[in-house]
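Scrolling down, you'll hit the structures one after another.
In what comes next, chain A is part of two complexes: it sits with chain B in the first one and with chain C in the second one.
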Partner chain A sequence: MSIARANRLTPYLFLAPAGLVLAVALFYPILYMIYASFLDWNPSQRIGEADFVGIRNYTKLFSDNAFRESMGVTLKFAAVVVSIEMFLGVGLALLLDRNIRGMSVLRTLFILPMMIAPIVVGLMWRYMYHPTVGIFNKTLKSWGLDSIPWLSDGSWAFASIVIADVWQWTPFIFILSLAALQSLPKSAMEASRIDGASGWQQIIYIKLPLMMPVLIVTLLLRLIDAFKVLEVILVMTNGGPGLSTEILSIRINRTASEFRELGEAAAMSNLLLIVLLILTFAMFIYNKAQEARAARLRVVEEET
Partner chain B sequence: MSNQSYDRQNPAYYALLVALVVMAIGPIYLMLVTSLKLNVDIMSDSSSLFFMPTLRNYETALCDFLWYEPEHLRRCDPTFGRALVNSLIIGLVSTAITLVFGTMAAYALVRFRFMGRDVVSIWTLMMRMVPPAVLLVPVFGIWTFQFGFDGTRGGIILVYVALNLPFVIWILQSFIVQVPIQLEEAARMDGAGPFQVFFLVVLPLIKPGIAAASIFTFRVAWNEFLLANALADRSSRTVPVTIVNSLTEFDIDWGVIMATGMLLAIPPIIFTFVASRQIITGMTAGAVKG
Partner chain C sequence: MPEIRLQGLRKDYGAVTVIEDLNLEMADGEFTVLVGPSGCGKSTTLRMIAGLESVSAGQIMVGDRDVSQLEPKERDLAMVFQDYALYPHMNVAKNMSFALRLARMNKSDIEKRVKDVAATLDLTAYLDRKPAELSGGQRQRVAMGRALVRDAGTFLFDEPLSNLDAKLRGQMRAELALMSQRIKKNMIYVTHDQVEAMTLGDKIVVMKFGEIMQAGTPEELYRSPANKFVAGFIGSPTMNFLSAELVEESDTLFAKGQGFSIPLPDARKTHLQTHKDRSVHIGIRPSSFVEGPGGLKMPVILSEYIGAQSVLISELGEEKISIEVNSVAPIRAGEQREFTVQGDEVHLFDPKTEAAL
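Presenting the complex of A and B:
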């Protein structure tokens, strides 16, 4: 009897340490943040001394032009980088999907930008964008062209952070779509070739549709990450000039540490969390639907 | 595989490959070159191809650990050396704790049927996307006012463990599912308890998964800036925090900063070359099946 009871307790014993850490350092902080978003709270106060102000932080945010602009920058940034990266990453995967020597070396080199610290990525790009010692302006100058205000002009700065992000994250999409391409059934490719499909027809009618499940998950993963970008932009522009590159996570950081409005920062974090929850949930639902579909197909196959 | 034939491609294809490789590693190479230059060479207008490589910037950054006194330094600034030690301790300890807790939880989620299992898996999946920026306010408040361990390494380690656990649990699940259950049943027949089965049978079989998970965990702890910045005090700052602190608006000492950046980038680069297969497995797990 005691053995059976011990067995019943085992899963909980295995889960306990992780559960405890997650409860103390992840769930509790998130609940705390939801509560804090209804407070007027500055960093020198204990949370108990802060005044309860209801939804004032939220109403203030929505009427705050700076916040609306930062939300706009975030959405624009996510949309622009994800579409450029999807286009380039999938395109390169289709182009480079050949059986060549050294493909694994190539893949290794391509994941380097993702592995090194975002702080360092920001540092490298800030150096390259430097108005006088940076390589871009040096090159332009040696060609006799005018230098470009990479980080000091609003719209150029936005383009610059997009370029840096595309450099860092296109390989992610490239590697995922290459893996998807290489796991496609060979028979479908051969059948289409025998039917006389050209390279383009193969890509549009066979490869892309078959890759679609992976591509959609990749897109969602990348979109979630695009909302999380912080350090690269922090190091390159710190949100400036003006508010042109101030994405939401930088705004949260500034609101908390510069403006010392913890309640407002918590309200912003909440909104960011809701956006990410929706995206994650979409991915979850999509995965479940795919699994259900695969299971149904298997049943059909077995019956026939 | 040695006699596997490779397709021959046209020259344009190889030109594209070379261009891509240059674009991918060009900035990293530029950082390395800059870290080996004197400031005079960095600022000069002349071509950057010819210069005397020097380790002086690295000497400045690491002066704390040198057995000799670099002659170009009047005073040794120990900030970076201390940060490097902090980063190493925080990275290694948080990785170890995350892996032990994470594998156990993943194992329980895969192998046991128990109440609330589905709820737990959905929540770990959900928690995977919580960005550090969202935790900034609450973690600062709780750590400072309730737990009282702001400014300690332990406090930073605790956040990193919590931040990494959902991902580690999620990725290890996909490896544990592949362990044949017959092996475990055989061990149990021979009289092994659940903990023995786990440590002696399952763990050795999921080594590749553990390698991938530990690289991802260490990378997050090693690279993270925002939470470390909010929680650390002078004695517990990590390398990313010191790098951002030394970035001022004007008059940046590019040589030294690039040297510190290079030192911060070296461990992830080494991991990439040693374990790129595991890293790619980790990245593609979940998105690409099979």
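Presenting the complex of A and C:
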């Protein structure tokens, strides 16, 4: 083997271990799951003993009201939390993008929730939402107000998980937005002040449009995450009351462990995976389009 | 367009005082250039006039209105930035019309103004392009255009040409000079390039360490610099500085130093009486040396051919000096030549205060 050829192969050699891990830890389970979604498979059986049922698991899902409701809850949850988080996160970033004494401490405080393990967040909020000893109801009571059935009423429970998620993930959008804001060209901001833009006009006409690429990627990242959320809600409500907070990942978990339908659970997982893939592709395509645009502009610049 | 006066202007950054007490008057419609090395406070001064930096003390008077505490938009000015500061997400037309749109001017008027200005700047073909799709020179013109459509009372320029290559810079400088002749407005221009300052300014303000070293017309600054700093800053190639002593011999005052003795004109004698027999710094512009017999014999160490002119590097005493000569009869390195200097072309400076004598 010539040296040149060996040199060409070197990078692949170094990549091989990572590729191997990826194959074992990612592709194998996915393929396994896809295969399993075509089986009528009980956890007590070995996979070889399960009956092949074709696409029955999938057709069953579409007529399954509980699944449809769960899908609805997931979509609603993702849409609501991501909208609120984007609004608050970007708003806070715009508000705190200035040099005030103690700002760095404040910024650190803001991102603390993101660093707490989801299970802990779930437990924490469950205690705070506790009907009698939780801080919310105790406070309401001390003000002479009626207590609120935070986790025991369907619509309140949905609101409660939204609040917890917003608390935990707004900081994520906040730091990314702040980073985007701080990398905006300073002189363009100054030019807009000279041009007569007020603070609001600066935000609307200059800052937000320039932050847009970062905001879009942030939005997609958060959407992907919101579709996958499990632990916090599992700990807080376990999907209840009724099906009011049963997001897809809890449904999948129950289908597998409670209803002992591994095949159906696999089919659900696949559908969720497809939704996530679509979002990921959207992000990928958006990034590619941005890069292509940048490359085209560079060519234009070099020619002129 | 009213005159602009800076009165006792001061700028502190925390405990550091960048500008202590700046006083300057700019006449109506005057093109004023603030020039100086980096860190001299010229940009800070401009940004205070623009309202982008707060004023620590003092007033900025436009006519009889003190604008020093007003927002930039209330000061009736337009500004061109060093990095152009175009809005990357807006096309050229949108960039140029941004201020007008904010001012809620009606659409057809905006369109007309933008078209007119674009035509004068050769930008008509690019109105739909984004800044990233333009060359440096075109971006520069868009930045100018954005300032021009405003029709503001005062135009501020913060080193607008320093990001361009040499050829384009020369071209844009000429265009700027033409523009300033056409629209007689107050213009305040910051640069570190003395050539730009000389060619563009009605008035040049040379600054150093937050202080004004001298303010005057280009001719005044070139012919009678107020101090050694201005003398060294204005003019290219730079003025030669030598140590000397003022000596009177047979009724004539001489500037005498290592290897030379230049008679000074009688007209300067009375004025220089107090400095007699004391050491001074003398400054001689490279173009003040004239080749001819009976002068100082000097070796030519290096000959730099530039074109019509050549710059010779020579030695006088132990000091390196440069001499600018006509290139018609080329002088080569290694030759010995004689050069004379007229006494009235010798600048004298106090060695301590560096003020001109």
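By our rule, the second predicted complex is superposed on the first by the 291 of 304 C-alpha atoms of A that agree within 3 Å, B and C clash if a C-alpha of one lies under 4 Å from a C-alpha of the other, contacts with A are read in each partner's own complex, and residues count from 1 in each chain.
Just so we're on the same page, contacts are C-beta pairs under 8 Å (C-beta built on N, C-alpha and C of every residue); 3 or more make two chains touch, one makes a residue touch a chain.
As the structure is a prediction and not an experimental result, all values here were calculated from the model.
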{"item": "Fit or clash between chain C and chain B when superposed on chain A", "value": "fit"}
{"item": "Chain B versus chain C as contact partner of A:A191, first or second or both or neither", "value": "second"}
{"item": "Touched partner set for A:D64, first chain B, second chain C, both or neither", "value": "neither"}
{"item": "First (chain B), second (chain C), both or neither touched by A:G19", "value": "first"}
{"item": "Which partner, chain B or chain C, touches more chain A residues", "value": "B"}
{"item": "Angle at the Cα centre of chain A, taken between the Cα centres of chain B and chain C once the superposition is applied, in steps of 10 degrees", "value": "90"}
{"item": "First, second, both or neither for A:L92, with chain B first and chain C second", "value": "first"}
{"item": "Partner chain in contact with A:D51 - chain B first, chain C second, else both or neither", "value": "neither"}
{"item": "CA minimum distance (chain B, chain C), superposed complexes, angstrom", "value": "6"}
{"item": "Footprint overlap on chain A, where chain B in one structure and chain C in the other make contact", "value": "none"}
{"item": "Parts of chain B lying in touch with chain A, wherever the complex brings them together", "value": "6-7, 9, 13, 16-17, 20-21, 23-25, 27-28, 30-31, 34, 42-43, 45, 48, 97, 100-102, 104-105, 107-109, 111-112, 114, 117, 120, 122, 125-142, 145, 158-159, 161-163, 165-166, 169, 194, 198, 219, 222-223, 225-226, 230, 240, 243-244, 247, 254, 257-258, 261, 264-265, 268-269, 271-273, 276-277, 279-280, 283-284, 286-288, 290"}
{"item": "Residues of chain C touching chain A in the complex", "value": "50-52, 71-73, 77-79, 81-89, 98-99, 102-103, 130, 132-135, 138, 146, 150"}
{"item": "Complex interface listing, chain A residues touching chain C", "value": "185, 187-188, 190-197, 201, 205-206, 209-210, 212, 297, 300-301, 304"}
{"item": "Partner chain B, residues of chain A touching it in the complex", "value": "7-8, 10-12, 14-15, 17-19, 21-22, 24-26, 28-30, 32-33, 36, 41, 43, 46-47, 92, 95-96, 98-101, 104, 106-113, 115-121, 123-128, 132-133, 135, 138, 167, 171-172, 175-176, 179-180, 183, 214, 217-218, 221, 224, 227-228, 230-231, 234-235, 248-249, 252-253, 256-257, 262, 265-266, 269, 272-273, 276-277, 279-281, 284"}
